[in-house]
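Both complexes below contain chain A, partnered by chain B and then by chain C.
Up next is the complex of A and B:
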């Protein structure tokens, strides 16, 4: 990652987060403290390919108002660095994710929280912001320092303002997309340096609760790793009389079957994370582990130990799923050994449900002059068709030709009902293409567009130009029809993994799918040649200048033959003697 | 002469139509030697598609044509092939008529000069006779129409063909002596690409000569005519630019078209000198060298006009050649326009010209080969293509200077005699000193 920019000292890391005192001993002050609440949960879902999916969510709810004049100065559970970011940059919603690896929808199903490979940042600003671009630039630099990532590479050449794809996920009535900025850095690599500041934002840090499992040597030894921070204003209750700020930190990781190298289909917390749990975070009001046992209600496919009697059901991703629940705030969960090491042992394997919406993307063509981007969207619902919003942000150096855009489903032309296209400007902004496409049932829709590769100035190439240039993932957002009725009430007791995306109607749920990023080669000039090229080209221009100069300034004359060498010497001697020359 | 011309036009149209229907048309319209970011047909279609989507074509960086082209092709996009073939036909016919008219004037002047005994006796063989000049207009038209460069440019539907047509009409109206039409066509040509501005001086000189106004900076009649021409030229330019403003309702096209031609932001390889130079330029010096290269195109106007003030038509052709070599995004269509001077070939240095022409042909054959090796096979790199670009431009420069040399030498012989003798009576050689 790039070196951190110099930050003013107000954005110091939250070193003062180790609040080990009990929540009851609150310092008395004249102003009543706004209520805050912290919940943590871990969902473990065994996947049919034998991999295991673990999703951590940590949510802090705080009833305060960052926007009013009174500066918030006493932070308890909410991290101070993020609170100061929200108030200084008038942020309404902030979503940032760092992902290593690509989510394989066909093998693993749908994730609870999708994210594209690399870094992704999208922010809704308050409508009081006057200079959104300037604020965006400052915000990316500050976040770059907080998360130790090279987000300072986000500039106008990879930032877009989608008009329809990224509506606010929290409350608020500002929907003017002038206040929305979306950028992705597909080349960004995620490592321990990014995990450490992320863990520091948690109230208990990595000392207690579920966060003790987050050890980087195991987390990064996985097929997929994604950590994200989501900040948004939410309603406290059903009537929405009061609002509070919600901070969700999520970490999704998929452990590969073959990595531990043991061959036995057996998973345990110790095997995945090299730690076991000993206590819940004392600051958390709820701390739970959910194991997805929907595919195995009778315990035929796998067996979970220690057994638990707590069961819970939740509507997530259009499906009613059953979970075994382990409540870490109860002491009996830890048993006599005072430590919880969940064990999941597989017994057999079976096919899994096909996901309803799935997408792929690739580059077609050969050579370094032109190419074609193909995006394939699969609708696997047997009889329902539904619309999807496709967002494509292509860098300026791949010049898209929008007149070559074709959308075909089942071999026939499928005209999108809404197209928003903003062409790129060289070295200023990327292409933005947003389309609303209706996907027929049980079909593949193919979107193709041709592009031309540009030759850049030699200073604009990265030090490894033949690695190629990354094109960020396409984003496909849609309301997918659901088989079971979704729950539209949002309550405090709802598990975190089912309450991320707001659910407005019962018959469908919101889903976002990210495609693969693309790696495209550009023609390169010879980087060792700048001086040679300047010399040679100036020589050619000088040849032109010289010939024309000769012809323009000289005239034809009769040539007098010049005398031989002997005669010339004789003439010189004669001149010296004062005698007329030969 | 109408019958051979019609036959020639039919043959040219047939060749182009045959190529349009074949699979080569798509291949040719992608070649970087034939189309540039300024003239590509793909970009015209893209601009029209953007207009259909409700986005201004100038809001992106793909479309760099003038608004009048949008206007024209909005109605003619289905008849594009016919439009370009018609443009080529108009160019050829305009050249034919202008050369015919010019020859008549040349004969008249020659006749007066012969009667006034101004030519030395031994250079009579240099004087052109009507018989040998009879087929020159047809040869010029044929040379333009059946030139492979022109055919490629037409099949690729490069808008360079339209620019050539306007320049040919300008030449025709200038030679015919029509001041207003000459100004209008020149302003159209300048409007489309800035460089024909340099032809202003040549047109002025010719029209002054035709109206027997001496080029004397102290005389009122000279300045009065210059003012008239400038008024007509600038007036029609303003009218056209104003029309373009009203088409889309904004001045966006000015930076997109003229800013693009002058500041060269797009470094797509072509047969010119700019692309690799500015791809490898140190950022600190970019503006300086950009100014140098652009001034280089306009800079030869004054010296050439001074030297060739008696021969303004040759001046026009020299200017066209200089523009086509040194402009920012040249294509083979521009080269074709500059080859029109070939009909003035004299025997003085035909061997030199033959060699240089062979170099040009070899380079034209090597361009696609080295492009394929760089872009598709990956076994060569950009230096190979750049080297052929350099060689091609050097050959063109040498060709232009050879023609200029031949022309000047012929003029010298016409005034001083063909066989020259030194002081002591032996045969002399001529050198430039």
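Up next is the complex of A and C:
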């Protein structure tokens, strides 16, 4: 194996440099400790369907202040490109995700971090920003360059300002939704060109640590792939005296291990990523692999090798889970062969518990004039009802008939306690519908609304109009009743995957569910030669029919022009006189 | 436009048209028929070609290996079907689940308006089972459907076997970009109708069904498979759907291309294509194939389970395995490979199939007649109606118009509503009651309206019939024109019989003879002849009595199709075509 760089010295060297170049950001200049910190983590969870879920999380914490005119010019672990974005556009929170595939809640349970198919971007700006729309426009263009994605297609027609669904996840008490922008691009396709810039944001790149596993030829040979970047200010300690910026990079991937027959499933790092691990990222203060063994406490179903005795428990998504932990910063983890190739054999067995909350959506009806959007929300909790926030953002070319909005659960009308509706403006902004709905226990709640399909101008059609037009996923956010007491102390040391959504109370946990996007066909002119031919032929036939009909039905006679007034008067006089008229 | 504005030339043209009116009409009629017959002549038709780029240029390799195992599954299915006495729901669910699909079921029930004696059903209850193969990294926006009906008896077990075999094979492939839905529907079309209505959450025909739990987004294309033997001689492609709708021609091209590639005999209308187009027998073969398609399309029925998809703008076709005594045989592995190839190409589609024709006729699988070529044949017939218009009071025609249409409404509504009364008073079954009532109302209509105008005016005016004829001819022209645009075959057949009647009927022609001709050319008799012609084309001639029974069942099927699937042929004939014909009948008996 390659010689490891000397960790402590490099730390000191860079820390010194930072002190000299950016003295104004230093709070305690006397203590030469690094004010940034990097952790990496991989969670592996065998799913009941027989698939395997791997979730990478990389967290960089930096105690600095990008705002108030500070010029932060020295970067160590935190990527400079994102730091500059934060300070230039006065971003308070930024969440961006790229997802290829749909998370199958009914087969896989809940993900650690939900995301909709395609690209999703939501940003809270500082309240010092005056022209939010302009800043948002610029920001999306810059991010488009950073992530090599079509985020520049985000404009006013697909941007909304949700009033309740997307609260800030970091600290701060500004919740005026004027400073929030939310947009999705359901059609965005995620591939290698998005992964490479994402990997470059990591302190170790893909050279060392867990990131060596991120090889695109394997990651994109999976059932689900999602990568995200979350930036937010967080508390440094429980008193929240100092704040720091947190950059979280997550990557979730589900591998399909379907094999017919009843044999044991086998999984190894090498088989899935075609790499093994040899070291942690030298810049990381913590580098761990967690393997979820909750479903098998006795070790009958699971066989993990090499074995570890390090176990850890964590509250994740309202459940207490047990994990085997591998600490990559310990040399002993790699054993004598100096490489870690985790191997799991297990038997996927019993049916999983149905997830407490899940949702689906479809378009009903046929024909190209009208239709109906149905959103189904399932509460599978046996005896607790809970409220959910439903957010629907529908493009303007589906004209929602909001008077047809119905919400029914168990065959009865279910009146939402809060409705926020912003009608669309043609070619300017989309519909925004937010509702707070109480879901009765063990029930399906159906939200339906009818729409009319608009006829676009001919230049507004995409190059492939017959493919259809996308409507982004609905977002369902909820505080779901928890089975076990949740941990409300957000600053305590806990695995990264369980600490993303802050927990305010012990009895429930936050959950977000995305429905599938919709593909809707609009009335499309036939942009082809036969169309023109039909138009021309119809014209010719109409002209031909008209003249022929005219010929056959109208008769022409030559009429004498009527005599002038003087002549008529003269004729009357002549008649009275008994003389023949003129 | 000097031709029209110069009075002298106008007069010359008009006098020419009026003087030669009758011969021109006859020539037009002949020319229309000749044109139509010429459509089947190979040099006049176009070769089919793939218009869709996404399906054309990409190479696909078919590797489906497990035909024998699929047939084994089919036999297992057949055993479970016998045991369950119908759809073996539990077994299907388990089998599909073990193949790695997400499986769902749908229950449905429907009481038919009157018993269907052909298929012996009245209260229909059933279950559809479908499994969704989720495409990796696809957001559930697009889907393809492969369906096989679970038929009573020993039919179609092999189709279900191949379907399950393909499901298993497809599950292990990585290239799917669209979800694939494998559907086994019970009670053929009724089950399919229930499933489609459930999938799109509409209810057009008053069926009861339980809502679907799983969906795959908007369906792009569907194939229905019917296979009743382990080996087949040829595969037959069925295109005609509900109300004469056809799928995009590219779907037929795709099937033909793969048959050529894999070396499977393929047919349409059960007719192989022949190369000797220049011989008389070769030409008559092509005419036969095309006429069969025209007859089937004109009937407006769905000729396979695919027919109901077309309403939802889903391109669909049925592939039927035919086993005859010929030597040439194809096994299940080859059929599996053919379907695999087709699905892989459909999977490559970026847009819905839209590049090729939606309106066409096929004299053979490799040749087609597009709308631009067949419309002149109809146009020539419709021209006669225009030429026969000569105008002169309008009020007098109102009564016959209203009464004719009331008769039509009676024909449309009475048969189903009066079935109980009829069954009480006559020794007939419900189905016979419905059909016989329909025929009775139809015949009664002949007696009714021919004296109606006298109700208003006391006696028929001399000019009255001319106005009535003008109105009737215009009516017929518009009616046929619209019908032919939607369903060319139906429009053409109606034009073929109704146009001569419309053109030459006056009160002055010999009564008895013309009345006889008119009845012969009336819509009901047209249907009767069509039944015989259809049997003749299929090379299964029937005796007159069998033909009559067949005729009765065709009427009942037409009414059932309207009630079950929303077919429009019966209401079209009862509410529009028949009253229009009555108007001409009225003219004949004006004096």
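Basically, the second predicted complex is superposed on the first by the 482 of 582 C-alpha atoms of A that agree within 3 Å, B and C clash if a C-alpha of one lies under 4 Å from a C-alpha of the other, contacts with A are read in each partner's own complex, and residues count from 1 in each chain.
Keep in mind that, in the parts below, a residue touches a chain if its C-beta (ideal position, glycine included) is under 8 Å from a C-beta of that chain, and two chains touch if they have at least 3 such contacts.
The model shown is predicted, which means the values in this text are computed figures rather than measured ones.
In the superposed pair of complexes, A:533 makes contact with chain B and with chain C alike.
By the touch criterion defined above, A:434 reaches neither chain B nor chain C. In the superposed model, A:517 makes contact with chain C only, not with chain B.
Applying the stated contact rule after C-alpha superposition, one finds that A:468 touches chain C and leaves chain B untouched.
By the touch criterion stated above, A:559 is placed in contact with chain B alone, chain C being left untouched.
Within the superposed three-chain model, A:419 lies in touch with chain B and out of touch with chain C [touch as defined at top]. When both complexes are overlaid on chain A, the residue A:548 reaches chain B and chain C alike. Once the two complexes are laid over each other on the shared chain, residue contacts for A:186 go to chain C alone; chain B is not touched. Once the two complexes are laid over each other on the shared chain, residue contacts for A:246 go to neither chain B nor chain C. For the contact definition in use here, the residues of chain A common to its chain B contact set and its chain C contact set are 366-368, 526, 530, 533, 537, 545, 547-548, 550-553, 556, 558. Interface residues of chain B facing chain A in the complex, by the touch rule stated above, are 30, 32, 42, 45-46, 48-50, 53, 55, 59-62, 265-269, 273, 275-283, 289, 293, 296, 300, 303-304, 306-307, 325-326, 374-376, 378, 381-383, 386, 390, 393-394, 397-398, 400-401, 404-405, 408-409, 412, 416, 420, 422, 428-433.
The touching residues of chain C, when paired with chain A in their complex, are 4, 7, 10-11, 13-14, 17, 98-100, 102, 134, 136-142, 168, 171-172, 174, 200-202, 215, 217-218, 311-313, 350-352, 354-355, 357, 372, 386-387, 389-391.
On the side of chain A, the complex with chain B involves touching residues 366-370, 396, 399, 401-403, 419, 421-427, 431, 454-459, 523-526, 529-530, 533-534, 536-537, 540-541, 543-545, 547-548, 550-560. By the touch criterion stated above, chain A contacts chain C in their complex at residues 100-102, 104, 106-107, 117-118, 186, 220-225, 256, 258, 260, 360, 362-368, 372, 374, 464-468, 470, 516-521, 526, 528, 530, 533, 537, 545, 547-553, 556, 558.
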